[in-house]
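Shared between the two complexes below is subunit A, which pairs with subunit B and subunit C, respectively.
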Partner chain A sequence: MDLSSILLAGSASAMTSFFSLTFLFLFLPACLILYAAVPKAAKKYILLAASLIFFWLVSGFLIIYLLLTVLSVFLFGKWLDKIQKQMKAELSKTEKEKRKELKQQYVSRQRKVLLLAVLLHIGLLLVLKYSGFFTQNLNSLLWLLNAPIELEIPRLFMPIGISFFTLQAVSYITDVYHGLIKADTNILRLTLFMSFFPQIVEGPICRYSQTADQLWNAEQIKYKNLTYGLQRILFGMMKKIVIADRLDPMVKAIFDTPNSYHGGIIFLGAVCYTIQLYMDFSGSMDAVMGIAEIFGIKMPENFQRPFFSISISEFWKRWHITLGTWFKDYIFYPVTSTKKMKNVTSNARKKLGNHYGPLVAGGVALFCVWFCNGLWHGSDWNYIFFGLYHFVMILTGNMVTPLASKFFKKVGLDPNCSSYKVFRIIRTALFVVIGELFFRSPGMVRGFELFGRMVSDFSFMGLNDILLKKLSIDIQDFIIIAVTLAFVFIVSLLNEKGVCVRDQIAKRNIVIRWAVFYALIMFIIIFGAYGFGYIPVDPMYANF
Partner chain B sequence: MDRLIEILEDIKPDVDYANCETLIDSHILESLDIISLIAELEDEYDITIPAIEIIPDNFNSAERMMKMIERLQEEY
Partner chain C sequence: MKGFLKNSLKGVIFVVGLSVLIAISSLAIIPRNNREEDWKHDVQAHGILAEPENTIDVLFLGDSEVYSSINPLRIWQNYGYTSYCCSSSKQRLWYTIEFFFMTLSSQQPKIVFMETNNIFKFFPLEETMLHAADLPIPLIKYHDRWKNYNFEELFRTPDYTHIENRKGYRLYKESDPADVEGYMEEDEDSAYISLTNMTYIKIIADTCRENGAKLVFLSTPSTKNWNMKKHNRIVQLSEELGADYIDMNLLLEEVPIDWNKDTRDMGDHMNYFGAEKVTAYLGKYLSETGILTNHKDDPEYAGWNRCLKTFTDDVDKWLSTLKADEAG
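Our next item is the complex of A and B:
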């Protein structure tokens, strides 16, 4: 069997996971060898070819969506560039007094082009991702109105990573519109930016200015990048295979048949799901960063130890950072920067003061951000609820802050003391777990049922060996998970204190360095959840 | 510059605006402060600050903000 047939023989999931044998031992090494072997000028083409082959292996003919998206933003970029050049030429010939008016005419033309591009790309995403959801809800409405019509629910094929590369496409075209970047004149460079294989499945969502040039000026692999990158991949692999995948059967069992369990077990399921999601997503991100690092590419980080956050607002600045930044840059500030919203802020500040004044416009923008955030994650009401839940939490947090400060002053407590900080960290984690309960639930109503049971019947009764067996987990699993989590926690704590663990390892002699490598590899081989009794788990964010 | 620092003090007091160069990076000014600040700056300096100007580089220090204001005033 040749390489291509082996690769093709694997299911799509064998490639979407960076920790699958197909990817780790065939695809990636082949890319690295070819990349290292060719001269510098050809390296970018290896990356481009690898990215397109990867996408084709995962999504087959649906690669057409990606290619059309690239072609479309390339042409829109050129269109905007043309208008901008015309504007510059005209402005240089125009008297100073008339420039403002002329510029506004050109800006208006550019805005129409931008609007068309955004509508086209977001529209395509909406149709592919949400038409089933909208039709389903429309049918429910028609049924309520006793209308004798039932619309057929469309089943559309969706390419992998569409939610990610569409946001990159929109950010590219918006940045060209704002003059932050120049429209790319090379469609191959733009294609590589849009399709770079490590990031296409789960992000991070990159800005053109962050990675396009780095990718196109691909450098020779350096020893330091190789070792640092491999360490990061192994660390991510440990998080995903030892922790996340080991928790998967238990989480699945609890959420598939929640009626069989008391509230305490459901709470345990929600906690385990939160850990699973974090370890899965951040582990995959470690792999993405590690692979990119080997090629000498620095990508924006997607996680910054979110469970050290003292508020939900801070949590979302540390969790899925590139998505949060995208929403902040392309939704939050554009909404608050409209003339109407600026007037609202000015008036509200006069009436409500410095803290509550901007909350009026900020609240509207936050609502838009969190509604979109929920919808982006999936086409069901529980995702929309998940977004709005965070909107309420963040808005409430902002509203309560001045009152809490006053209270602490009055009772003479220091809000910055360590014990209160620990309390806030635990409280934030608890709020996150509740959000994830709804996120994981099959539908919003079910989410409320689970939440209700968790609150009204909070008991761990029946948590014994028989139940654990039913949940496909045992004490040994818990010990392995706890030890690995403790290791991840120590590394995170050191990072939080500004210590780079990889730098520390690099300073040691060769015996210690390789001992660390081997220990990590052996740990994953011995304690990883794979093989007999385990079903391979796709990267969880690949489905969003 | 003095007027700008007055505006900043009004929005968020007790910050060393004359010397701090990480107002955004250190999360001293949060997004809601920025919303207020933009509304104030637009009124005070008769400028329009588009969303695209809201980047850390333009708001990390009073000096950077002043440079942005002067640039936007000169644009036309």
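Our next item is the complex of A and C:
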């Protein structure tokens, strides 16, 4: 019997949630005490040890995947570095006119190494995450062709966070290739960058240049960082435990048996799911940021109040930002900057003009981005549809923008007026909810069925106390959710206006400050959805 | 250094203030009664709170196997011993211990039976931590009471009035035959008991010893939950702790379970007929210990006779309908 199985026992691995008691009251304090106790030079090793222990506790022997990934990118990095050094040395010795050719040879060698590294890591992710999906679809195809074969669906063990650390690995090796960063010569530093425990389960997906040095030069815990970090954890906890977890039984009930409900209830389910997902994921991110802040680490933000967006395109610049920028930097730009695409763009510019011209190559790249985005979220057609739905939305948005501007000019409307902005915010939210309906549906066909019912039978008939009881929710739950959402909205609004709420609180006297903290803690303890009658809900993005 | 001390002191004062706030809120939110509407979970098991002080001589602890298999009213009817089933569905050992200590606050049972099924149930540390916090901080357990909280409660002290007529037993009338293939097949191995569970068992055993109560491990008949590996481990455990052990899964003559008729869910739990056989054996066992008093004629225990009457009336009515149905 090992410690890992004690913590992992039962239906859920408690440690994957940063709001679990095991994490908050055992693991984290132990880390903080050890971290604070050792001299500065040893702090990074405490972080490294904590990260590896954490990953072992949540993934057991599957930690081998993480370690092999680190070892692999470390070696690939060194290989690229060696080629780059050789190139530099050779170039300095070569005559000017031959340099271009020589450089191309070396770049080509580097490209092959990069390709090998990317194929290896993405290939492993594809095998582990998608082989079941591919085999299932192959079986369906064989069945359609009346082939008397049925392939066995592989059941492979997949470590938590593989979708996150694989992207970090690819970004590291690609950045080395582009010369944006130097290949790390210290495998321990690279391991810490890849495995830092607050971010390994749900991200954010960090770049080497953003966090590796910060982590390796870990500083003493500062009082301000500690209090600010704890406040952020508390805020995230409120989002997750009071709102997201309270909505979970209702969302589950609606999506598990959607045939029992009218379209209005399904719509309500989709809205609640969207809120749940946002509160769960952004709440967990608050915890990640808060924990990192305590250690003095500044991580890239993953959310920037996405529901203030006026278009789907803007929404995705504010939602899961690090995934979006990863796709932009490692898929969108590489696709659009290929020679072929550049030619396509310049030709299209001539024929379609400066706005629509770049949209041709951009559209192809955008398609790749959103196809991958959908697939990254899960191995099912509804996820692919979810990605392509956003592709269509964003592309359409780009295409109609000039037409809309012309229209507004013609009718004399100001597109920047606040009422139109509010309309656009609501419209964007509605599009997001529709996307999430497919995202949450068990399969794409089912998603269309639900959407069809939502549109054709939009009625809230039967929404009474009996139905609410069936949905494991009551009017008091809704009141608490509404109050908490209002609080989150006010904080978000202040943030949107550039006001840092934590700074504002810090300026007040101790009585007010403590009153705010006590109120928040008591609010979470009393109104949180935990304990008797509640099933603990794992962080939703840990499954992606 | 000065700044560090100042900040540390601030932290300590903050935590103390929070503790006071939580303690006050806990006092305010503790249910004032043991009725369902007062947010007492597992209201049948919590019925023991309303039993007059020091009137329960035998305590049965455990999961659904207990409330399905043991009928305290039959023991009362045949021997005049008072007993109670403090059992709940899927009861984990942290909950068993909670019921045990709750009972000890008002009762002094002479014999404590621990049904063995939940001894092998594994649960994560997270659950242990959450429920370890329940005892000193009732606010954690009862926090959801805000939904039907009545501010009048602030000025009332707890007064438990809800008496469970069936003393924790639940009557199951349905039958669903069991498949007995492989049931209690010979096996030399022993099943594993987690460290956490062992800690809980030892606490219960030590507390029994301190309170002069006899501890008995009891395995009620179940084709689904019981096997020789578990039996072997409980034999070792009972020897280690100096406790008695009754495994009804091996008492084929003394507890003649008909697996076609006496189970409600294919061998998982007993139904009424199975419970009658289990209870009959337990009654005999209790009488043979010679440490219990027959309270049958004690006027202070008159309530038990009333409960028994209600129960037997219900059961007789049901049995006669059943008989008529079978005849018809």
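As a working rule, the second predicted complex is superposed on the first by the 532 of 544 C-alpha atoms of A that agree within 3 Å, B and C clash if a C-alpha of one lies under 4 Å from a C-alpha of the other, contacts with A are read in each partner's own complex, and residues count from 1 in each chain.
Please note the rule applied: contacts are C-beta pairs under 8 Å (C-beta built on N, C-alpha and C of every residue); 3 or more make two chains touch, one makes a residue touch a chain.
Everything numeric in this text was worked out from a predicted model, so none of it was measured.
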item	value
Which of subunit B and subunit C A:Gln476 touches, first, second, both or neither	second
First, second, both or neither for A:Gly357, with subunit B first and subunit C second	first
Which superposed partner A:Ser441 touches (first subunit B, second subunit C, both, neither)	neither
First, second, both or neither for A:Gly528, with subunit B first and subunit C second	second
First (subunit B), second (subunit C), both or neither touched by A:Ser309	neither
First, second, both or neither for A:Phe332, with subunit B first and subunit C second	first
Which of subunit B and subunit C A:Tyr223 touches, first, second, both or neither	second
Contacting residues of subunit B [partner subunit A, same complex]	10-12, 31-36, 38-40, 42-43, 49-52, 54, 76
Subunit A residues touching subunit C - in the complex, by the definition given at the top	1, 6-10, 12-14, 20-22, 25-26, 223, 474, 476, 514, 517-518, 521-522, 525-528, 530-533, 536
Residues of subunit C defined as touching subunit A within the complex	3, 7, 14, 17-18, 21-22, 25, 41, 122-127, 129-130, 133, 139-141, 143-144, 146-147, 192, 194-196
Subunit B partner contacts - residues on subunit A that touch it in the complex	96, 99-100, 103, 178, 180, 328-329, 332-334, 336-337, 342-343, 345-346, 349, 354-355, 357-359, 361-362, 398
